[in-house]
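Step one of this worksheet: look at the structure below.
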């Protein structure tokens, strides 16, 4: 942990700020959420790492896709993700977002979440233990440090692809594209 | 005051919401005019998925229905299969099942105190109860090898015998917990602000509760002494001595107090189980999973989960897979009609804790 | 004159530092009560740095203006508050100016909130006004009592009058006022049990729903300044202020920690309960204080 | 033993009132009533008067080979502790059933679920709107002729991942 | 209300302040990662798989509710019967860590570890072949070198087992349904069939143990569809089971009794438990169906007009006849014995294989239109040359019909095993001695010894009689099956392993006095060839009045004319050489069974016969 290094703060305040102040959006997309309260509360105390639950997507910069994503949940997830301010990071929790997990043959769950929104990191487990979540946070720090947590850039660059996939599952989305310029690029 | 009517989405992305659930509120000023529960964010179609899996493959699946209180689902599925297939469960396994049930109930109640405190904007109690819940999760992990999904109670008994030192460890943790509960009382349950916030809020009468399908704390808070553990005892409950706490008011406060009082009972039940538990086998082997065909028949089994009556209606046509499985989760009636009824006319500030007081687990509503 | 200008620059910065320190400390102390360790004490600054570097989206000129307005209001109020012998605008205005300027903050909030199209915002703002209705009355009584007691509207005068150990709380009428003020302090600061305005679990942090990035950073700065104002005012009015900053700071710390304890052990009021409560106990104490002050005079 | 009597009594009572009805008690505290579609709300009212105050659930089974849906109304009595199942079968091609809301208010939710999952129409239910699913376009998913695995293949698996898309 | 809860009715303003005492207490937070909590001993984390133990049976892939496990071919593992070269690959984007795969794993090779941390920015690394520290030294590091921050599927702690298999709680049943048998005390008094056979319930129960992994099918020389017929037996459809068996094996009644069951040796349940009783289940299917003709409803193929002669009505001959008949050819089977079965008819004693069972199979094949000419010796009654001329193809399934002799001094006084067995089973019977010495340690020797015991009991009831065996091999090398040895012991056969016969001593009248033996040093030389060496100084004398030699058999090719015999090629191990169609070096002549393969058992003969039948059919249809 280089949180205490003043020199680094002066050199890269942006990176350091994003690293040590991860505000997670409070959105229980699936059963993985059950490990979040213990992580945030007294036994594990994620606040030591600057991880906090944020009340609204505008204030958050970390999105935990906690477990399976049903079709109905995908809509608010996309909406919430688009509302978040850049830079924003997403972490997929457990098996289900990776490849369907337990619900690989369910008609109402999304099998691979990274087809619809970009994911910066995946945590194995069903569900991941608090330890895994902490290690994931440190890995995310490393990624931010190296500039590798670029999911939001990927989203911007391939917005058309993501938007098409979202509409394929959800039907026409009832909000305007986040990056309209990316949508028009190929059309014109 | 502002008298415009606004439409407000309470959830699914909302700090006051525990679980992926949504309520559409029509509000005028600070009052809810109309509430529409909007579940389905966690719908996975368990009943359908189970029709595609052989009997034993369903056993890791069912517990996923309710993440907060998974063990009752394992037990009820095991009970259903055992009844259809005519399997006798060893005595010791029954006691172990009871212990797991009560530990799960404790964990669920503690988590719910967190949720309720959170809804009131009171995080101190939540921090404590969630922290204490972790010790119970540790116990369950020690016993079953899983933190949240234990996959432990399976048709024919339980999956492994108690590990060495489990009893001492459990009793120690129960002692600690029992030491902490009076502190909970001091800080939360006796907190004047909690009492004023919760008392008299979201009242439901006995008749309404029965009519709308309420079970569990919601029903018991209206004065009906209804608990499947007494009504139709299963596992080791017939051999145990415990009480069913009942309150008369039917409000948010009573429901929360019942949760608190049930925790005392759970602790005492676990202690009794350890005292009375016989030695012997814990698993009656079922046929090999690829060949297991459960005889033709249907069954309705029910039990008392942390939230109320959990029912399972299961039909087998003599194949290696169930033909139809239908869970009757306690949260479904609570989460839609009762919630909508109680929210009507409530203050926005109370929406969260009314929902929490109804003990609604969103994944259970959706299945 | 130079000193005044330096003070005018230094005191908001100092207020900010102390406010942020209190925010960090509060998280640390709360964590202890929660039986955990909590974040490092610098965490609020880290959060603010992050927020400044986040991409922020404006919802229109009023949105921006509102944020600036409430922040300016807070900064100006700070200039009126004596801080351990340092008071940039001591001569002019005093209490009345503070009273007036403190209304700016909710106004700014309302201004920027009206721009965001979220129902939570309007609910939050209406709550804010209702709540301020609740605490303005006792606050007014408190201020009046003090003014009556010391026969001045200058805070500097009031502080001077309390020198030695002639603290206001040691005289009966002002003790009542102090209690009243202490009770409404959380309401003024918008912290529990009166955090009805933001109430993340009810209306998703209310007026701040649409705030992100810089706006949220400004809002947190504003919050830190408010924290400073509220407590500094209490110290100045009732605890005799201080000549040098250190004593003043220690007094503030004591007030803050006691206030924090209340914050830690109570859930949130419902809005009408809050109003009821505010109009009952603090108003009663404040009114009684005023009467006594009038009578004693 | 007293409760066993009650089950027997109920059985005889029901049989004496309703025709075309079978009543059995497969085990203790269980009562199965099989009746015809038209009689069902009468039977439910009758049972409600006899202590079965709560409608626990409504199950539906798709007997695809018999071309029938079977509806099972689960009633529960808190006094005697008996759980009663009232069953009836309806046509699968044109599944229409009278709503049970006049007898039990909370039938609304259960009927909504069955309407959504099986496509059974309940006449008189004012709120037949989607409960769990989001803009479902296929046949009701719990019907036996709906193959989830095939559906998953053709809906979710065909979407290319970003890498696949970029590599063509 | 409970006495324990300290609830006050209206609450209090001041009691909440008791929370402040925690301000000065040590928090109970676990300061991860600086303080760590170990996962519980039963933790279900990532998979471990012992590649040496794993048989690649694929049960884990079948049981996985999420299809997270796929069996992947691993080229570096050599595939052999009972060990596929496939190993489970686990997709952690699917796995739910339920551990069903562990509970079903018959070998116990698959376990779950206590490590569980894997975090990556891509999804590819979430799929991997399960290994353990034995096979994967690179990725499993010792506790000292393990770092939590590097923890992933590629950096795991060794010796970190969590949830492991426990036979007591396994999903399969490790114990076999005991086969009802006549107890040794009773059975040794007569020739009644020792094994009683499963009842319907027992058969179903035993069949229910089968995991359908298919290892047995690969190990079976004839590749019977074992999983299928066991499933049919489980589903209580013995006729379907029999039909499945008849696809590959036309003599279920015989095989169901005396098969050497290579399948059971590789049965995955047999790794830790008792293998599935595949043979007994086949026997159950064969026995429970009374009338094959109406039940099986197999029709011979469209007549082709081609004629095939089969010499020898043993398993190979019968099978060839059956398969060719199904293809529509006319088949004539010649045998010198009065009935079908060949070596089966004379070899296995009646307590193992009653003649009626043989006839059941033979009669069924006959009912399909196969012509049997029993009591017909080729070379004597019918000339081999004539067969070659009259028929379109000839199949040699003559088996090994001549017993070998030890050729020690006075060996001519001893009796040969086959003669003994044949006379006893279908001939006029044998006068047994009171003290019998059987030379040999194979299954034939066991048969002889156990028959001898029975004969002694019948012929000398109540008297003291002894049967002993002498074998070159020691206990662990003895070629007879363990089962046979055990049963022989139960019945009272005395064993003298690791002794070689030196001389049969006779008295003046020419009666046998006993056997002089010499201690064996080793049986095989370094290359593994049979080359016994002895301690010349260690000798022993076994008393006895009868010696039976059961040390092996050889085929009898005397019916083949010399010039043709010269053309017949042999392998280095003195077996008839056949090509991939089963054809010998003589055109039109095919061969199979014991004269071709080294296994000397019925099921291999059937496998040969299947090949030869295909070959003959190819030859005939090409003409």
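Before moving on, here are some points about what is shown:
We call the chains A, B, C, D and E, going by the order they appear; numbering starts again at 1 in every chain.
Basically, a residue touches a chain if its C-beta (ideal position, glycine included) is under 8 Å from a C-beta of that chain, and two chains touch if they have at least 3 such contacts.
Source: prediction; values computed, not measured.
The minimum number of touch steps linking chain B to chain C comes to 1.
Between the contact lists of chain A and chain B, the overlap consists of C, D, E.
Among the other chains, E has the CA centre that is most remote from the centre of chain C.
Comparing chain C-alpha centroids with the centroid of the full set of protein C-alpha atoms picks out B as the closest. Once the centre of each chain is set as its mean CA position, chain A and chain C turn out to be 36 Å apart.
Annotation: 56 Å between the Cα-based centres of chain A and chain E.
Here the spacing of chain B and chain D, counted between their Cα centres, is 23 Å. Chain A and chain D have Cα centroids lying 40 Å from one another. Taken residue by residue, chain E touches two or more other chains at 16, 19, 27-29, 31, 37, 39, 65, 96-97, whereas all remaining positions touch fewer.
Multi-chain contact residues of chain B, defined as those touching 2 or more other chains: 14-15, 40, 43, 45, 48-49, 52, 60-61, 64, 124, 127-128, 131, 149, 187, 191, 193-194, 196, 366.
The set of chain A residues that touch two or more partner chains comprises 41-45, 48, 55, 70, 72, 100, 102, 104-108, 112, 114, 126, 129. Each chain pair that touches appears in this list: A-B, A-C, A-D, A-E, B-C, B-D, B-E, C-E. Every residue of chain A that touches chain C in the complex is listed here, in rising order: 3, 9, 13-14, 16-18, 20-21, 23, 41-43, 45, 47-50, 55-56, 58-59, 61, 84-87.
Across the complex, chain E meets chain C through its residues 16-17, 19-20, 22-23, 25, 27-29, 31. Looking at the complex, you find that chain A touches chain B at residues 25-31, 33-35, 37-38, 40-44, 53, 55, 57, 68, 70, 72-73, 76, 80, 102-103, 105-109, 126-127, 129. By the touch criterion given at the top, residues 70-72, 75, 100, 104-108, 110-112, 114-115, 118, 154, 158, 161, 165, 168-171 of chain A touch chain D in their complex.
By the touch rule above, chain E contacts chain A in their complex via residues 27-33, 36-37, 39, 46, 65-68, 91-97, 116-123, 126, 148-149, 151, 153.
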